[in-house]
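Quick one: structure below, then a few questions.
Chain naming follows the written order as A, B and C, and within any one chain the residues start at number 1.
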């Protein structure tokens, strides 16, 4: 078991625990930078989706995982950022300024949505954000002068300071840059008084107030920062998807984002990235399985002579081809994660790491959850 | 002019007078204890002082300033800290993070400087950490620094409540039943700590307590309450032998 | 036309009632309520169209089957997440809802289906045309509410519900069969959803997503009425139904769907606890 011997307070403040951790992250960064060189264009595109979703994940993680304010309508912010960015680009605003304006507008909307949060808790806030999201979706459809309504809106390719980033690989690096920037900025906030104040609001508002945390300011800040990140993600999302339409930013997308943070692991930035990997890569994986499972099962059937395998493969393939299966699989995984591993992918990853580092003295009871009884959350 | 003064404090909860015309003075550098049966309104008074509740009558004066209408989050900056009877720690954070949060009222950074984690923020973090470590040393919490609060036993949580309140660098410390749930040895430790807080740290203590031994050992003055109204005020011996207090509370 | 609004409002009210029942008892919000509605409608459809049974028999089968399923759901899945934060359980129900929709798509198909009902006529009273469909919805709602009202006021279950929702451990100590109560509440709630679904089927036709649209508005209705209040849920539902109708008829396009939510936001801003709810406060 590895112990980190601490010799100064700075070690607790810095981002990486020690030189060894920093080394592994550096390695990860190198892999991320070199990836487009080795893999095909299709996978570069898919990984770019991971990056965009990861920024969304960080945004939602700050609000839900760290501050404890549930938002069922975050897709609306994504849409506001996307449409704003596309709109400004169409009107000749330079790329960086367009992104900045999109972020500013989304932040302003975030503060507005956050205002009810100052008075509401839990489920009421979730419903308010849901209502807001439905209204915004309608606005996207009706405000035709800006969004072109149902006809949709094409998004120009990104050109920054004269350099075109339309190429898949260039856009990959752009998104990677912004993801790293987002992670760094958020990590800074989380290890500073603001991040601690957010956690305090999540765990006990009354105690937080007694310690001097102005609830109104910090809740608004959480909404504002979260919305700002969504604005940035929206701009990148707009480029990636290339054609905006109101029916992209539905409640189902909001739910998918929540699924991202839960499956990834609530309460950690790693969770946002893990969740993004999951959410972005599951649909392509299903698409691959749809064809490969019947094929491989047919091979097994002909190899063993048992046509049962072939039948099973066909059945699974047919099932995966039905419309709406993807949502059901997402639902199933969400249910399984909450039932079996509430700490999400990151939690499971930590458990695996601890298993290996404490081997052979690992005890399952380390993470055994005590039998808990339901306590009322109505009075918080 | 006294250090802290409550003047005819009262509050109604839908017809029930939880606190009715309570007045008391706390001298600087002393320990003032409020005793009374359950439901007498003691914690309600604390909640009024920390401004969680709005009084329906009366005034609160701290160091000459009227604080009756101050918003709750400004109380820590004024120098008043409190512990909670039912432990309101931040369960899913480590002990260290709980204590560092208590320094929030003294933070000097703003959003942008924190976002970029400027050297000034780094310096401030180290300073806060040094201050928090002093409190950890004082209360012997070193081994629990990085434990999550959910994993800590009850006795340690009580001490953490105290530690967190001390980390706000208070002039007036409100302790709500500091010995409830503690065994004899832990209660003795608590008594020593309260005396150290008074004598070494120079902090004025306003306390709610049931354990009469602890009350007699550390208090300078005592106020007895019943049904939200004051019964008797004076030295511990005077109050504990007062006939009405004995009848209402000590089961004489 | 008001009848239309009232009828739709009754549907919202019934689904909202289901929400509130579960919330009062277990403090969970069941986002799969709409999908239970959809499952019930499909089961009734299956009974009547595939198996050729009588409408009323199909109705009863649908209610019983899905109510039993609801209780089963509570006993197997939801029991395991007790103690987890409310948010996690809400997401669990969302996941379950998605699974139900996929299940329906695979079992019954993803098209739109019609349920034949015995209410196809109209009555003309004093120059006003009253459709049997809408009347049946209102009548059904009244009957169901009457039954539930009698059930909750004349048995000790109502009090037991409150106890378990506020402090489960204490409820155990008081000898309340907490697990049974929870399963019962889920069964009732699911059954209510099915009644709403079968009554709604002739109006909106049966398809996989019929529950989702209704559930969102029913949610708004429950919040409007006050999340802890049963009569509030119904009143909220009716208000939402009427708002939707009149907004669609009088205001410019686009307001039909958003008007209920705008009203909801106003209500939350002005009186967060809804029309009939009460605000709780933590005692420290």
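As a working rule, contacts are C-beta pairs under 8 Å (C-beta built on N, C-alpha and C of every residue); 3 or more make two chains touch, one makes a residue touch a chain.
The structure presented is a predicted model; accordingly, all values stated were derived computationally and were not measured.
Enquirer: Using each chain's Cα centroid, which is most distant from the centroid of chain A?
Expert: Chain centre farthest from chain A's centre: B.
Enquirer: What are the two chains with the top count of C-beta contact pairs?
Expert: A-C
Enquirer: Find the geometric centre of each of chain B and chain C from their Cα atoms only, then give the gap between the two centres in Å, rounded to an integer.
Expert: 47
Enquirer: Need the CA-centroid distance for the pair chain A / chain C, whole Å please.
Expert: 31
Enquirer: If you average the Cα atoms of chain A and of chain B to get two centres, how far apart are those centres in Å?
Expert: 41
Enquirer: Note the residues in chain B that touch 2 or more other chains, in rising order.
Expert: 52, 84, 88
Enquirer: Which residue numbers or ranges of chain C touch two or more of the other chains?
Expert: Only 284 qualify.
Enquirer: Could you pull out the residues of chain A that touch at least 2 other chains?
Expert: Residues 206.
Enquirer: For chain C, which residues count as touching chain A in their complex?
Expert: 26-27, 29, 77, 80-92, 94-99, 101-103, 105-106, 110, 165-169, 172, 208, 216, 219-220, 223, 227, 253-254, 257-258, 261-262, 264-265, 268-269, 272, 280-284
Enquirer: Chain A touches which residues of chain B in the complex?
Expert: Against chain A, chain B makes touches at 50, 52, 71-77, 81-82, 84, 88-93, 96-97, 100-105, 107, 109, 111, 114-117, 121-122, 125-126, 129-130, 164, 168.
Enquirer: Tell me, which parts of chain A touch chain C in their complex?
Expert: These residues of chain A touch chain C: 64, 70, 116, 119-120, 122-124, 126-128, 130-132, 134-135, 138, 141-142, 206, 251, 255, 258-259, 262, 319, 322-325, 327-335, 338-339, 342, 369, 371-380.
Enquirer: Can you name the residues of chain A that touch chain B in the complex?
Expert: Listed in rising order, the residues of chain A that touch chain B are 9-10, 12-13, 185, 188-189, 191-194, 196-197, 199-200, 202-204, 206-215, 221, 267.
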